[in-house]
Amino acid sequence: MILHNFETENTLLNQFIAELRDHDIQKDSMRFRKNIERIGEILSYELSKTLDYKAETVTTPLGSKRISLPQNELVLCSVLRAGIPLHQGLLNYFDKAENAFISAFRHHPENKDSFEVIVKYLASPSLNNKTLVLTDPMLATGKTLENVYNAMKKNGTPKQIHIISVIGSKDGIDYIKQIFPENTHLWIAAVDETLSSKGYIIPGLGDAGDLSFGLKL
Amino acid sequence: MILHNFETENTLLNQFIAELRDHDIQKDSMRFRKNIERIGEILSYELSKTLDYKAETVTTPLGSKRISLPQNELVLCSVLRAGIPLHQGLLNYFDKAENAFISAFRHHPENKDSFEVIVKYLASPSLNNKTLVLTDPMLATGKTLENVYNAMKKNGTPKQIHIISVIGSKDGIDYIKQIFPENTHLWIAAVDETLSSKGYIIPGLGDAGDLSFGLKL
Amino acid sequence: MILHNFETENTLLNQFIAELRDHDIQKDSMRFRKNIERIGEILSYELSKTLDYKAETVTTPLGSKRISLPQNELVLCSVLRAGIPLHQGLLNYFDKAENAFISAFRHHPENKDSFEVIVKYLASPSLNNKTLVLTDPMLATGKTLENVYNAMKKNGTPKQIHIISVIGSKDGIDYIKQIFPENTHLWIAAVDETLSSKGYIIPGLGDAGDLSFGLKL
Amino acid sequence: MILHNFETENTLLNQFIAELRDHDIQKDSMRFRKNIERIGEILSYELSKTLDYKAETVTTPLGSKRISLPQNELVLCSVLRAGIPLHQGLLNYFDKAENAFISAFRHHPENKDSFEVIVKYLASPSLNNKTLVLTDPMLATGKTLENVYNAMKKNGTPKQIHIISVIGSKDGIDYIKQIFPENTHLWIAAVDETLSSKGYIIPGLGDAGDLSFGLKL
């Protein structure tokens, strides 16, 4: 896996990440969603630097110009429900892409700390020869992305996979390195040291789904 | 059910509906999603006229003012995946609301025209004493809303239900009248005469999910 | 003048107005601008109910439909700089309109309370037979709108004028009633009782330009 | 001047530039404005990589984290009216910045091709020790930026200047190199070879103000 950890670079992403993490600013769920959306836009832009380009001729009112344009057939796939604001950010920039949505949640049998990830809903186009962009705001254990990836395989084999995430744990990143093809890119705005026994990123930001959309039963 | 059919009134909603229906303009999926979002905003605003208000005091830099503010605890619930742009419109205006997401799709056994609606994914807060706003862009047969409503009942009993939809059929509206409580409001931008044997609204606009997000397998 | 004062009705506008007025929430200039934008959208929608409509045929993928569509040639005109977020709201809904921008500021000779309004910058299309929508977030004394109107007259005679404003004073509204043609519509989200000797609306919200964009020299 | 010409790199900016230039896609003024806005966002992000950062402690619900945050006091300044959508893009990302607006237009005495640039409206905070971000979508002759810069000097001396532009001409860039301090950064999405005798960028895209807002008298 090719890791692009933007925490190591000083950019505006840090401002948005800081606001996402701050437990006072989190009370404004509109700003929380907006910050995830902005991070989705910026990481889409950074990702775009690795796409395949071909020169095409564009006709302006005053002449014509050769411009290198991306040729990839993109499929943006987000994990519900936390992924929706991140998906919106990607779609703001890749507005012509195809889209997929998948549900995944942690099931804790007998209320133990350990859990399994259940995938239920999947709406996706064919992935054959497409460029798949998988998004999940929190890359904690990596088991959600693993299960999502396994569930999506039945829809075909993409020629290239990108993962976009907001905050990850070192353990989670190590885990998915073994799951995804070697040429997979991971674009992530921050990486934290610790993963708690319950599978939470520390210091992280809490539950991105709850902070975007409220608690669920 | 209290029906608010905005097709009978001349407003900007008609402009957005016309662009959604137009098979040339539909090629621009960004504009398609934007138009659904704008309709979601406007119908949220119209719905807000029926909420419960109480005067509160607001302190400005130059004095203070009594303002009547909505007191309802709103839960916005959209049906995946077509409902996401409509949900975004609602959330643009009700930015502090709680949110629920539910998946529903048509299952055609043995490839027949007849179908059943399968509900799989549900993420929702408690609905007890809340104001539930259910959104589905296309109200065709009404069976999706029926199944969604039945699935959500286990999360509690809202004190008031609103349904927001973009285009409906007369048959679909008649059908859900029997399902939902009498004091339910339906806010809808246009109502078409015909429902095809396959359950499509005619002339309608086609498949709102496909036009927003691309085909799915 | 036909006055549409939305303060007398309970709607979501009150929520946005309350946040604009609240001196704590004002610290978030992004939310301040967003609230002005949302008010601009809603008042545009309400205004659209008075436009001229004509039925046109729209072709969908599954049939065709007659839809009544607005026929007016709109020119949206905002007063700089405070008017920019309000203008953005109008343009979000009237996305095909022509646009005009005009600058106006209060000049206090010898630092007295009294002032004159100076118009400097004007970029506008012809207004002949157009529907002019003038926007200024704060309708305080009415002298800005008077001067703006006088400056725009040299660009032609609109067939209809609408004014969109966020908060006004009673005195200001009385003043412009004498300036604009009788069939002019005023769409306004709140009206306050008092106008201070310095020409500030009380309780108002302070200076909308400063709160949107920061202090100016 | 430190030139950052993004045309030499393959990124999503090319897609937005291609749509801006395309005389068919230009008919959709909402998409035109949106593309300028997206370019403003991306160039703001790239610019942010050169700001001054300092580590601060942020408290999350689960711990605390040191994050490097930008310390600059930004003033975003756009040239009216064409600069408004670009300004909106900058403000989408630098949402806490101070703002300045300035008008400049070309005056052609006796209808000759030659012109002078007239600055009329200026609303700006103090610039002393601030980071000034000047935006103008089309950097044609460079004379607008020269006049804007000269007019702004009376408001103080910024410690750093950035210029953000969409399309420039080689001659225009050479011209402003002599005007601005050596450490000024220019962030630009594309650079064209030719400047016509009337001062238009060829192939360019036409008049960015007219395409965003309609013709003006």
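Residue numbering begins at 1 within each chain, and the chains themselves are lettered A, B, C and D in the order written.
Please note the rule applied: contacts are C-beta pairs under 8 Å (C-beta built on N, C-alpha and C of every residue); 3 or more make two chains touch, one makes a residue touch a chain.
Every value quoted in this text rests on a predicted model; they were computed, and no experiment measured them.
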| item | value |
| --- | --- |
| Contact network partition after subunit C is left out of the picture | one piece |
| Comparison of B-D and B-C by number of C-beta pairs in contact, larger one | B-C |
| Interface numbering overlap (same over half, different under half) for subunit C and subunit D | same |
| Chain whose mean Cα position lies farthest from subunit D | B |
| Centroid distance [mean C-alpha coordinates] between subunit C and subunit B, Å | 30 |
| Distance from subunit D to subunit B - Cα centre to Cα centre, in angstrom | 40 |
| Subunit C and subunit D, separation of their C-alpha mean positions in angstrom | 27 |
| Subunit D: positions in contact with at least two other chains | 30 |
| Residue numbers on subunit B that touch subunit D, as the complex places them | 28, 30-31, 34 |
| In the complex with subunit A, residue positions of subunit B that touch it | 29-30, 33, 80-81, 84, 88, 91, 95-101, 103, 105, 120-121, 123-126, 155, 209, 212-217 |
| Touching residues (chain side subunit D, partner subunit A) in the complex | 9-15, 17-18, 21-23, 26, 38, 41-42, 44-45, 48-49, 51, 53, 56, 58-65, 67-70, 92-94, 192, 196, 200-206 |
